[in-house]
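Letters are used for the chains, namely A, B, C and D, taken in the order the chains are written, and counting of residues starts over at 1 for each.
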Amino acid sequence: MRFHYKIIILDELNYHKKGWLSLKGLKLTVIGGGSSYTPELIEGILSHQEVLNVSEIWLVDVEAGKEKLAIIEGLTKRMVKKTGCSIKTFTTIDRRKAIKDAGYIISQIRVGQLAMRRHDEYISIKHGVVGQETTGAGGFMKALRTIPVLLDICRDIEELAPGAWLLNFTNPAGIITEAILKYSNVKVVGLCNNPINFYKKFAETYNVSIDDVSINFTGINHLIWITGLYIKGKSRIEDIFTGRSDSYEAKNIPAFGWDLEFLKSLGAIPCGYHKYYYQTDQILSEQLKQFEQNETRADKVQSLENELFDIYRDPEQEEKPKALEQRGGAYYSEAAINLIRSIHLNTKNVHTLNVRNNGTITCLPDDVSIEVNCVVESHQITPLQVGEVSPQIRGLLQNVKAYEELTVDAAVYGDKGLAHQALTLHPLVPSAERAKKILDEMLLINKDFLPQFN
Amino acid sequence: MRFHYKIIILDELNYHKKGWLSLKGLKLTVIGGGSSYTPELIEGILSHQEVLNVSEIWLVDVEAGKEKLAIIEGLTKRMVKKTGCSIKTFTTIDRRKAIKDAGYIISQIRVGQLAMRRHDEYISIKHGVVGQETTGAGGFMKALRTIPVLLDICRDIEELAPGAWLLNFTNPAGIITEAILKYSNVKVVGLCNNPINFYKKFAETYNVSIDDVSINFTGINHLIWITGLYIKGKSRIEDIFTGRSDSYEAKNIPAFGWDLEFLKSLGAIPCGYHKYYYQTDQILSEQLKQFEQNETRADKVQSLENELFDIYRDPEQEEKPKALEQRGGAYYSEAAINLIRSIHLNTKNVHTLNVRNNGTITCLPDDVSIEVNCVVESHQITPLQVGEVSPQIRGLLQNVKAYEELTVDAAVYGDKGLAHQALTLHPLVPSAERAKKILDEMLLINKDFLPQFN
Amino acid sequence: MRFHYKIIILDELNYHKKGWLSLKGLKLTVIGGGSSYTPELIEGILSHQEVLNVSEIWLVDVEAGKEKLAIIEGLTKRMVKKTGCSIKTFTTIDRRKAIKDAGYIISQIRVGQLAMRRHDEYISIKHGVVGQETTGAGGFMKALRTIPVLLDICRDIEELAPGAWLLNFTNPAGIITEAILKYSNVKVVGLCNNPINFYKKFAETYNVSIDDVSINFTGINHLIWITGLYIKGKSRIEDIFTGRSDSYEAKNIPAFGWDLEFLKSLGAIPCGYHKYYYQTDQILSEQLKQFEQNETRADKVQSLENELFDIYRDPEQEEKPKALEQRGGAYYSEAAINLIRSIHLNTKNVHTLNVRNNGTITCLPDDVSIEVNCVVESHQITPLQVGEVSPQIRGLLQNVKAYEELTVDAAVYGDKGLAHQALTLHPLVPSAERAKKILDEMLLINKDFLPQFN
Amino acid sequence: MRFHYKIIILDELNYHKKGWLSLKGLKLTVIGGGSSYTPELIEGILSHQEVLNVSEIWLVDVEAGKEKLAIIEGLTKRMVKKTGCSIKTFTTIDRRKAIKDAGYIISQIRVGQLAMRRHDEYISIKHGVVGQETTGAGGFMKALRTIPVLLDICRDIEELAPGAWLLNFTNPAGIITEAILKYSNVKVVGLCNNPINFYKKFAETYNVSIDDVSINFTGINHLIWITGLYIKGKSRIEDIFTGRSDSYEAKNIPAFGWDLEFLKSLGAIPCGYHKYYYQTDQILSEQLKQFEQNETRADKVQSLENELFDIYRDPEQEEKPKALEQRGGAYYSEAAINLIRSIHLNTKNVHTLNVRNNGTITCLPDDVSIEVNCVVESHQITPLQVGEVSPQIRGLLQNVKAYEELTVDAAVYGDKGLAHQALTLHPLVPSAERAKKILDEMLLINKDFLPQFN
């Protein structure tokens, strides 16, 4: 991942002169535009406008999100105005209008809003399993609600903007991206802020530029392992395993809360979401407390959202508020803008993305989504070969991937049996019996969002 | 699997006349000969002596099992005498003497005896995970104790009986067989009574001869799924899924205690050991009760063993006692004898065995053990191609296999880190934290049996 | 491959008593019934009638073959009558009538008759490449003519006899079988007399029963290598490589005309058709002579056919004439009848057959046909795992298989470009230029038989 | 492949300031330094010295090449002097001295000089097969001579410069690189000017910067296919198939001498070396003429070499002479320098290189060399995933690769049998008989260069 801003801008001016890409017509559409994340994205676009030359931003949302969308629209217009650039912004609940002729479409929807997320977490914890937005029973239920909606959106894109790139941020991003790869013809790529956070963290640790950090990632969304870490071309992963470095640059080597011996025998650095799998007992015990106090993550996010929209509403507010940073999703905007720039300018540089496996991780099926380093060109995104992975990683990776495959098919076909099989396979669900109870309860409470199951 | 007894005997007499195999010198060695199972095996040999023409049976055990070995020796000699055949029986604690020039070596050892099994179960349950002899933390610990001993035995076989077939019954049979396949040159095949029990059960259900039953097995030892069931060439697996048959032969279609809807979406029939994975909650709750009453399976088996040896000791006892049937291991002897006969007579027929994968189940590595249908010849045992498996099966299968691969290497290299990784991966162990606690406690109590870890 | 005739007959009587299969209604259909081979097949059926209990034989042919069909019908009826059994024979040019409700359908057609085969050979040799019925440019052209016809037949089978097994002898048998596997739902298996000839040959060489011979085959039709040879369970392949044996049984070890050093470094025994690939110069030089004298194999076969039909016509002729043996196809009938018996009686024994690869030979795609050892059951035919093959074998095998895949698609889609690519890839065609010339000439002369290209 | 010269220089200056790499000590060693190509390489280094900051160039050659080495040394020193930079140049026949502590080692040796190449060509053509330096029987023989020498060099590198990157230009570059990958621990990458020539050609055709050209390459050295061609992110491969473009930029669409219909059904653009496979008849006929006139390519190259060294000798000559361009190897120096720069500056950009397959092209073994797009970092070179290839490409690719694998092993083990198998497999050698004759003659005349076969 390279961020030679200054240099690339020269480079890009050069492109402009050559008239490579018809930049004047760039229409960028955000599905789920009423999200509290949108100002972050807008800020990113505005600060790269010299390069991207966006002409139109379309924010689209559903009827139920109309009010929030209006608030975001106001803030967006104020932000654009403040920078003095000429981007036109549109908001609509007519998805087809927003999609038509778009060059880039960003998906960041939340079907059922935070209310359903709250149910996902509460039902999970109630049955003694981890309650989480993107993994376990919670992520599973979110996928069932979301996949049909995203595939409908893809039907529109196929018809109205067949050349557009769809950047999918909608969680669980790996599963959603896989559903789109399998069941549509849209040019999709899945995106997460997990990888960029690692780059930032290591750059900081070693006090180097982000260009000096190389990371080999293996895995799938929210379940990636770092199998190689290089600072200025020198391997540094042992620093993490030992918690110390012989290098003067690195002050504090972060083990990210992991037991060092465990890391060493793992031979890799897990991502943050691995704690659900490796430290399940501790997580469950914390979640149980939150559950009893009606204070799970969903509850916290809900309050935060309310506060944010209060700020957004303020007609004096002309920029992204600081408070947004607590919402999570650090560098989310940066990851998105970097990717759009690389696609747009055909920079052929490396990003960590969710794409079709196609033999890259040899122990996974060809047609599933994986999250690995990729070379980005305007016309294609190609993963770098990973090859074989160690059994330590392989066992968990293959299990969760099989769960994801079943979840995609359960969601697409509305197949309750496959849904049961998927949930039974998930490592965070201890048995078929438990899976059945959770599934039944979730299907009932989500029934308005699951036409395919009725 | 074919059992045309009468016919094959004619067939075999024919072989004898042609002098195919030098049957007169057949030496059969049983390692772990002092086991309570031995009389079952002896009975099997005696009843097939016309075909097998065994000249010597060697029962070998360790110093600690000397007393039991002497009791078994007495019973064996009485059993042989009663049939009036000329087999010579030998008992020894000199393993090398017993192995030298053997044609078939049967391994059925239990390192650490029932006392250590009891610890395996109690420590597991104490930490809230399933306590079981062959799977989960219990099976894992048994593997760590057993693999080094089996590999030592293999060193002797390589030197003293390089042409011998090793029939491994020692549990966890899949893991042990894999260790031997990876770390020795011995011609090994792993064997379990699970498959033959299915054949017997379905033959009974459909009131047909066992020859009329065809089963497609996919999986690994103690984790096999039936993906195809044919009675007289007609598919009958739907009978199991629906619990009924339109066929007059089948009276009661057994669902083996499974929820029919679950079976249907699984698209396969699980084996008995799957209950630990699919019905974990129920199993755990039962085991917890047993734990509190000091009455786990290990305790029951210990009492049964004591009773059995009391019977074996009786100088009037000249045959396998009925009580042995409660010990488990039904048809264990039949499976062993059938296999020896097929190898010995080069019958080229089909048995369900543990062999090197070699691409048979395409989603597993080449060098691991699998349990599938195989064609048995004197010189080779070749698996029938399985190909791809459904994600329902694949996710669990790959996860448990990765656990097994790590367990083999942890045992061979005495690597505590790999042991921790293995146990963490096991679906019955919920977290790395829990795995660590169980591992530490188990390593401590087993330290006399784990020289490789010290 | 097991041929315990006496024993199996007892065995089968046993099946009859149990009423396993409703044998009384067995209808056997021969497509291409007017072939000169038919009497061989009839003889085979008649001599196994006690086991097979065939009730009807249907011989079907095309309008152009009507006269030959009538002659065969006469002979068949005389042969049946002579044995005194009750089989009814029918001849027809109404294919659908013959297919309806058949249990087994044997395909042995020759689209374009011997006249087109003659063109195949002559055009090939004229352009300086091997002219052969089943491989090279000749086999390629035969495939283009034949595949559409066979797929039409399969459409009828799908409709009129969906449970029937199709035994395909039609050459090039591997390519034709692959086309059917890929483009129909018929239960097909491809069959060749090549493997059975090896069994017979080795049984004779070692003076043993055919049951005592085990052969590991790897490859595709007319391009199989023997990678393991065992007599009574003992490896004997080195005998072939050295041309001598230390065993008293083997008198003359046949190297089948191969250079011994070449065999040794090949590490395998090639089949007869390998001479086209390994001894191309010699073959070409011989064929050139035949070409100049108007005496290629097609010419010889034509004369032989004429002579055979003269004999068949004779109303005194009541059995298969000796002269048929010179026609080639030794043991062709035996291979067919053995296979039908195994399917019919669900014997679960091993035959060497053309089936879907499905991962059996790991270096070939899943969906292609291969020729390997298989276990035959009534409901399925399952290949035995082969795994990896040596590069010596792999390079040629993969190249010819890719040619076959392209040939299948060229034939199905009538795609001249793919046809050119296929022929260019064939190892016996030296260049794209030459392939073009041969293809153009062949398409022109075959145009009546290639509606899909017009 | 990116060549933002101006920009990257800024970028690199930045690196320098950060003190990333200790550039002051860069020692660059050229094995086969006495080659007529060396001045090209020197020119390249000198023109990038600002970035590379080379301190020492070591030219090493063998005793027999001493005179040529001295001439090259003289010219090199004059060239360096003319630029006024401070690089020190050394020449030696002590290979170990030259290798010690080198950062980059370039291998461009020719074992047996042009004299043996002449034999390679003449013996091939004499036996009626293509006579070529890098493919067919000629390339095969060159590999047998060269591999042992390169592996000896690698032994020295392992000992004396274990951190060095070895850039292998020595032909046949794919086979040599594979031998090193399989039989040494050296960090090797194989390099050819074929890919860069395509980039240059298409940039010229479409009148765009080389950055605007994206090419998807699939294959192995001297047998690569272009399966995707994009100009400014737009697919243009159809232009090549049709010979015309709707784009104003492209004036003359080069079909590179191929039949357009053939290209279209191939679905890819072959490289120049494909003419040996696809246009064999024409090539052979031309070579036969050259053979009869004693004027094969080897003869021409020999005269050219003589002329070049006459020029090099001239003390007035202070730069690379124009005449060198006729020698072939266009952009050879540019490819090498670009790669060194990318490694050295950790630029993470894309080059087309020969590396270990590792699952990248799924139809080839893991441990072979392939030539594909790779991301270059200081510490690793990672191929971009290719996945499956069409049968048109696959058949030839797999066949030639199997030939290469056997050639590597024949060369390493001095195994005449494997050598015969390798040559028999090669598509340009029609039979095992012909292979034998060529091999025998070649081994005889090369015996001084093949200690491993004696």
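By definition in this document, contacts are C-beta pairs under 8 Å (C-beta built on N, C-alpha and C of every residue); 3 or more make two chains touch, one makes a residue touch a chain.
Going by UniProt, the chains are A, B, C, D = 6-phospho-beta-glucosidase.
The structure displayed is predicted, hence computed values, not measured ones.
Here chain C and chain D face each other with the same set of residues for the most part; over half of the interface numbers are shared between them. Centroid analysis (C-alpha atoms only) places C farthest from chain A. Per-chain Cα centroids separate chain A from chain C by 56 Å.
Separating the CA-averaged centres of chain A and chain B is a span of 46 Å. With centres set at the average Cα position, the gap from chain B to chain C is 42 Å. Across the assembly, chain A contributes no residue in contact with two or more other chains. Taken as a graph of touching chains, this assembly is arranged as a ring, one closed cycle with exactly two partners per chain.
By the definition given earlier, chain contacts exist for A-B, A-D, B-C, C-D. Residues of chain A that touch chain B in their complex: 259, 261-262, 264-266, 277-282, 363, 391-392, 394-396, 398-403, 405-406, 415-418, 420-421, 424-425, 427, 430-434, 436. Listing the residues of chain D that touch chain A in their complex gives 2, 4, 6-8, 10-11, 18, 20-21, 208-209, 211-212, 214, 216, 228, 230, 232-235, 346, 348-350, 358-360, 362, 366, 373, 375, 377-380, 382-388.
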